[in-house]
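The data blocks that follow each hold one structure.
Two complexes are shown next, each including chain A; its partner changes from chain B in the first to chain C in the second.
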Partner chain A sequence: MDLLPPLFPDLLLDLLSMALLIGGVFLSISGAVGVIRFPDFYTRLHAAGVTDTLSAGMILAGLMLQAGFTLVTVKLLFILIFLWYTSPVASHALARAAMHTRVEPAEAEVIDADQGDESSAN
Partner chain B sequence: MFAAAAICILVVMALALARAFLGPTVCDRILAVNMFGTKTVLLIAVYGFLTGRPDFLDIAITYALINFIGVIAVLKFVEGIADSEQQPRPDEF
Partner chain C sequence: MLYFSLLFAVLFGFWLLLSGFWDNGLLLGLGLASSLFVAWIGTRLQSPEQENGYSLGMLLRLPRYLVWLVVAIVKSNIDVVRRVWDPLNQPITPVMGRLPVSQRTSLCKTIYANSITLTPGTVAIEVSDTDVQVHALTRDAFADLAGGEMDREVSRLEVGAGHRRSSPNGKGQA
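Our next item is the complex of A and B:
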């Protein structure tokens, strides 16, 4: 029975940090694909925002689990706090600058009331 | 595990660079550069863990701050250009 307790916390930490890393990387890649594929600037801004905040948070949380209660975790917390505060401000400033330089949002396809019924009818 | 995460972050940085080259407007390019900088912060942190050197995180902290300051400076510059286009300064200025 003594094999389990020492093995247990390390295995759990590794598995948990691996899951967090995989989640963070998946969000990051999906955000990057969104930045490439989205039609206009403002939707891309949203996709970039996803990668900046949550995926960075998950990756850094995964690293924190690996580091345990040391100074490294405090530094990772600082990075996380700085990223979570600065990236929304940067996104806001970007959107303001885009509005200022009159970047036009893409025109959504206008579906008329009657045409909508036809397409949903068939 | 960290190597896989580092490689995936490199893929994301490549996609961000692709958007930087494709981006029609200036703001798309700034957006791509901002995203590239944030991913560099993560790459430095993960690489620090990969090679077992915790002092990389100091670099990541400073890079995160400087990246933000750089993006804000460029945005103020871009808005300054937009202002001067809308209200051209008097000639004798």
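Our next item is the complex of A and C:
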């Protein structure tokens, strides 16, 4: 960690990493509040997406700043890459399973892009 | 052969970075052997009839797309978070609809659908050869997607900026 001369003073690095961690935690809480507040399964999936993407990304970035130029940072990066590859697959599988078992999207407007007409689903 | 080389390079690089042993001959040899073995199995698992969909050019265009995607993810995250905390001024208007898919290979269709799902506010529910069923948190998010910017970016990743290709049913690009 001390092999390279620090690009920033340590304090600045710590502050930046702290800001990222706090931002990530805030987004995580926002995702949880959204899951509780949104009306149905599909909209809740969107709120959970916040926790999956930017929240996890900011927390991991904050941890990377703490780890510095080490293998730990590389491994944190791997975690982020795998998370961003797999979480949409999980979301898609959930949404698809819900659709196939006829979970009705509440108050969702149905738009048919091919004809351009709009009609209400409920 | 391209697939084998790429797979081997990625696997061995991954092994090196995870293990952190750079100077132990036995361990390096074992890592090398297992990477080669898995790359060989992976190459045999490729079905010869199927079009692969990847190319070296795509790999070079990938970083540009990833940057674009991260920006899109940040923007849509901010939008969803505002709708979580301020439901009175920023109400959600859920929308379900189908959008055309203009990518040719199944790999790029997957990238497109995964990108839709990865950006909060839109989820790809069902993907067919010609279109994708999308559930969006707001009418705006759906309209953004229907505007086709993401579709164009993925197509650009697929074939490059040089030759623009019209979508199969002519509806892809507005």
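Rule of thumb we're sticking to: the second predicted complex is superposed on the first by the 99 of 122 C-alpha atoms of A that agree within 3 Å, B and C clash if a C-alpha of one lies under 4 Å from a C-alpha of the other, contacts with A are read in each partner's own complex, and residues count from 1 in each chain.
Heads up, the rule we're going with is that a residue touches a chain if its C-beta (ideal position, glycine included) is under 8 Å from a C-beta of that chain, and two chains touch if they have at least 3 such contacts.
Computed from a predicted model, the values in this text were never measured in an experiment.
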Should A:Thr43 be classified as contacting the first partner (chain B), the second (chain C), both, or neither?
second
Using the touch definition from the top, say if A:Lys75 reaches chain B (first), chain C (second), both or neither.
both
Contacts for A:Ala106 in the overlay, against chain B (first) and chain C (second): which applies, first, second, both or neither?
second
Have a look at where A:Leu15 lands relative to chain B and chain C in the superposition and call it first, second, both or neither.
neither
Between chain B (first) and chain C (second), which does A:Val33 come into contact with in this model arrangement: first, second, both, or neither?
both
Which of the two partners, first being chain B and second being chain C, lies in contact with A:Val25: first, second, both, or neither?
first
Taking the superposition on A as described, I'd like to know which of chain B and chain C A:Ser87 touches: first, second, both or neither.
both
If we overlay the two complexes on their shared chain A, which of chain B and chain C does A:Leu54 touch? Say first, second, both or neither.
second
Following superposition on chain A, which residues of chain A contact chain B and also contact chain C?
31, 33, 45, 52, 71, 75, 78, 87, 89, 96
Taking the touch rule as given, give the residues of chain A at its contact with chain C in the complex, in rising order.
27, 30-31, 33-34, 37-40, 42-43, 45-47, 49-50, 52-54, 71, 74-75, 78, 84-85, 87-89, 91-92, 95-96, 99, 105-114, 121
Within the complex, which stretch of chain A touches chain B?
14, 17-18, 21, 24-25, 28-29, 31-33, 35-36, 41, 44-45, 48, 51-52, 56, 59-60, 62-63, 66-67, 70-72, 75-76, 78-79, 82-83, 86-87, 89-90, 93-94, 96-98, 100-103
Touching residues of chain B toward chain A in the complex: what are they?
1-2, 4-5, 8-9, 11-12, 15-16, 18-19, 22, 25-28, 30-32, 34-35, 38-39, 41-42, 45-46, 49, 54, 57-58, 60-61, 64-65, 68, 71-72, 75, 78-79, 81-83
In the complex with chain A, residue positions of chain C that touch it:
14, 17-18, 20, 73-74, 77, 80-81, 83-85, 87, 92-100, 113-115, 117-126, 131, 133, 135, 137, 139, 142, 146, 171
